[in-house]
Amino acid sequence: MRGMELPLNHTQKLRLQKALESLESLSSVTNSNASVTVADSIPVNQEDGVLKGHGTTELEGEVVATVCGVIERVNKLVYVRTLRARYKPEVGDIIVGRVIEVAPKRWRLEINFSQDAVLMLSSMNLPDGIQRRRTAVDELNMRSIFEEDDVICAEVRDFMRDGSLQLQARSQKYGKLERGQMLTISPYLVKRRKQHFHHLEQYGIDLILGCNGFIWVGEHVEIKDNMIEDEPTKPDSKNKKSQISTTLEEQEETYTTLETRQNICRIANAIRVLTTLGFSITLDVILEIVDLSTKKGLDIHEMLGAEFCVLVAEKEAERRSVSTRRKR
Amino acid sequence: MEASSSKFVDQLVVPGDVILDLSNLSNQTLKLGGGLRQDGDSICVMKAGKLRFMKPNKYWVESSQKRYVPSAGDNVLGVVVDTKPENFLVDIKGPAIAFLPVLSFEGGTRRNIPKFEVGTLLYVRVVSANTGMNPELSCMDANGKAAEYGILKDGYMFESSTGLSRALLSSPPHPVLEGLGKKLSFEIAVGINGRFWVNASQSSTVILVGNAIQKSESLSMVQQKIYLEKLLKSIQ
Amino acid sequence: MEFVSPEGLRLDGRRPMEMRQLRAELGAVSRADGSAIFEMGNTKVIAAVYGPREVQHRGQQLNDKALIRCEYTMANFSTGDRMRRPKGDRRSTEISLVIRQTMEACIMTHLMPHSQIDIFVQVLQADGGTRSACINAATLALADAGIPMCDLVTSCSAGYLNTTPLLDLNYVEDSAGGPDVTVGILPKLDKVTLLQMDAKLPMDIFENVMQLATEGCKAVANYIREVLMENTKQLENRRGV
Amino acid sequence: MEQRLANSFTVTVNETKFIENALISDIRVDGRRPFDYRNLIIRFGSEDGSSEVQLGRTQVIAFVTGQLVQPYRDRPNEGTFAIYTEFSPMADPSFEPGRPGDSAIELGRIVDRGLRESRAVDTESLCVIAGKLVWSIRIDLHIIDNGGNLVDAANISALAALSTFRRPECTVEGEDGQELIIHPPDVREPLPLIIHHFPVAVTFGFIGKENIVVIDPTHHEEAVMGGSLTVTLNTNGDVCAIQKAGGDGVLQSVIMQCLRIASVKAGDITSKIKNAVESYNTQRSLRKIKRHNPSSTVSNVAKHHA
């Protein structure tokens, strides 16, 4: 089994197997016919006129899959949804990325795509929050905004003519992420939703599920809508002052309590367990797993053990069977 | 003394030849073209070729090379090798890649930038060629019209030498080209950078014309005539 | 030496047209975008694929397609005599080249311009047919990485000893000095992309041996397809809605 | 980046399309039909064991040398045989100086597999003292000009050079049979190698979507083709080596068709090599006689051995 390097004892093995089997029985009806591997032909009704989407090609009059995955049909469009693969960006996706290069007027970000993504200086809000032309001084100060190896959050803007990807960060919710940890998981486990930013109030934590499979778990940061934006008449003097004065306060602010740190780790480990099992990551599931671990009184490090893994599988099987029954 | 006094005119010269001694000349201005250099009182040759003279006072050395030295105003055949936001990079067989600004097309604006894939063949004009800079190209004539410039579709591009290209463009027309033109119908575009493009409805015509022209370079005038006659007979 | 007994059995007890046990496992390297272990009898190969990712050396970037790189190595412990091999000797450079070109034939490189795909294959145990095993492992790893391919490539070898065509030679049979034909096919298109042979063989016999190897490739293809299918279903089932 | 663009060779879209279209009407850019071989010229150097092959615009020089060495432990009574390739940067702007590139190694391996693994050269006759001294034959292949299809040209060049190579005769004397005498060429005529058969490489290119087969592709065709197949075979109809290293897939029937065509071409090429070698040998013996004319005694020896 993929990624299962856990030392399971005999009963655990059986329990896990049972849980996974029940998962399989729950979804097998719908997807067993829809799964394809490379070079499998996809049955289509040629007369209707088919639009061939991603992961398909035409070969001797047949539509053929070029990747392993699941056939999806939307009206005339036929495409193959890949499972394990690198991130395929779509405009408007919210992503988490790592800065790898500060280049003239732009940052280059590693986002698990086939190329580095580009965040132009002009397509992000400046720290002072004013809308204006970027000057040479701004360009020189780029490192004060993001430097190499900073983790940041942004939105996919569009594709450029040569196929490279442009990002934007035109809102206060985007930007540098601090005090937390980033997890890398396979992007197929993250579903595109309306909401990718989550504030878990009971834990005081921000959770960002990046569409590219980079997940941020960090201490909650209050989004301060910059006051200066509302009073653009006297920006500079105030801004500078506030910057200097905050340094001391900031130090105090940057202190993350032990409890928050533990919460970060607990949530991160919940996500880790889910990914090893290959379950899709949603807010509800994560919270359920976190609850489960606290209910069982497990330490954070025990969450990565074999027993908890089996428990999670059983829990998930139960949850899914309940939800399918409800649908019926 | 007259400027054409050089006894080397229309003769082969090699580097180091002194074609004129300025001390013998009365006060007269000379215009030196490619391949010539003033060294003190003498005019020296820098590259092998034929010394040409044009009245009243222009001298230059004409030679045939595989490589091309860009010079403003030349019409050349270029191959797109890459696309940059501001320029297409075009290979014109010169010492450096030439830039074709994406706006140098008739009525070119930011909105209608043509899309050239790598390997597109273009008939272009050299706008500027300075040392230390990449030559600049344009797909417009001096009046901003597209004229004949632009993409060459289909056909085949043959490599030749700058000498052959010049011969093809000269008047009276190149005998082989003229002879073939009377018998066959085809299109030809000659770049002074040692490339020519042939297109015809039949692939065999393109191949025949291209190879005949390539071959004619190494033949003398008489041989060319014999070769042409033979070739034309074989077509019938 | 007798490679086929009068009863028609080979040294390891197989029939002439019988292939060794196949075993494949996906996801052997957790950090890689795609990976696989492929075994043909005692030959064991691991493959890992990284990419499509940003090109490492800007100068190599291609504007119209992805850059494919391949590195083939043989572990020091993979053969009977354990010795340090110089890296990048002529044989492994050639195999790297062959694997790269074979995989390039099926990867739809034009869909991923400006990027690079790295394929690493390492022989862990060598018992004949390493070249074939490497290609099979690379195919699996590429499919696991979700890289679009127009077809799978599968490979198998065949030889000719004691006037009998033999499928899937092991080390002893391979080193007997007889002809050795390695074939790689695109099973859907039923076309040959890789064909290598050495030593002497009359043309009509060669055709038979090549045919046999092609049949072997098809069997491998069926197995690989099964493995991929099962893996896909499993991932989808687990993922849930 | 720009440096690389300037050095690499970009095939125009027009050329790619034209080569394909012309092939549909059975014609190639240089006027050949799909299964015509280019003009082959074989020349020999002034010394034995050197040859220069010109195939269209491709030029390859081969030089064979021999040396007495200790044999490999696992093969004590066989001489050794090795092929070295040198892709001179002068031959093609894409060849870089220094370490041999992938294509240089592949070429070496194809020629090596064709000649060595099919046992074209009798290595056992190269043994002088079993376990102690054998001849080590080395072929150096130098690519001088790359006009396409280097493999075939290199292979022909190697064969031509091998068939004119001569090594000095050695005899073992002394009481214990360990004393070695190498006879100078003017005392005893040097011996040619024993070549069992001539494995000739014939390369095919597959061009375009329909994989149209062409023999002996030129440099331009190589840049356009999707895959190639090199078949090494001899006039007895034996296939000695095949190399199709990936690239576009082709049907098995096409491969067999290529094999049959190759075997015809191999016959032509073999006779061309043999004719060239023969005329070289006659010239050589004429030269020998002339040189040794003054002293009648030595000339007798030479005649005797020739």
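Going in written order, the chains are labelled A, B, C and D, and every chain counts its residues from 1.
Assume a residue touches a chain if its C-beta (ideal position, glycine included) is under 8 Å from a C-beta of that chain, and two chains touch if they have at least 3 such contacts.
Because the structure is a prediction, the values reported are computed rather than measured.
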item	value
Fewest touching-chain hops separating chain A from chain D	2
Chain at the geometric heart of the assembly (C-alpha centres)	C
More contacts between chains, B-D or A-C	A-C
Chain A-chain C separation of Cα centroids, rounded to whole Å	35
Computed distance of Cα centres, chain D from chain B, in Å	40
Interchain centroid distance [CA atoms averaged], chain C/chain D, Å	30
Mean-CA-position distance for chain C and chain B (Å)	52
Residues of chain A touching at least two other chains	162
Sequence positions of chain C contacting 2 or more other chains	63, 151, 189
Set of chain B residues in contact with two or more other chains	82-83, 117-118
Chain C partner contacts - residues on chain A that touch it in the complex	2-3, 20, 23-24, 26-28, 31-32, 35-40, 55, 57, 59, 64, 66-70, 82-86, 110, 114-116, 162-164, 188-189, 277-280, 316, 320
In the complex, chain D residues that touch chain B	2, 5-6, 10-18, 21-22, 25, 27-31
Chain C - residues contacting chain D, complex	58-59, 61, 90-91, 93-94, 96-105, 151, 181, 184-186, 189-203, 206-207, 210-211, 214
Partner chain C, residues of chain B touching it in the complex	82-83, 117-118
For the chain C and chain A complex, residues of the former touching the latter	26-27, 30, 33-34, 51-54, 63, 66, 108, 112-115, 143-152, 187-189, 225, 228-229, 231-241
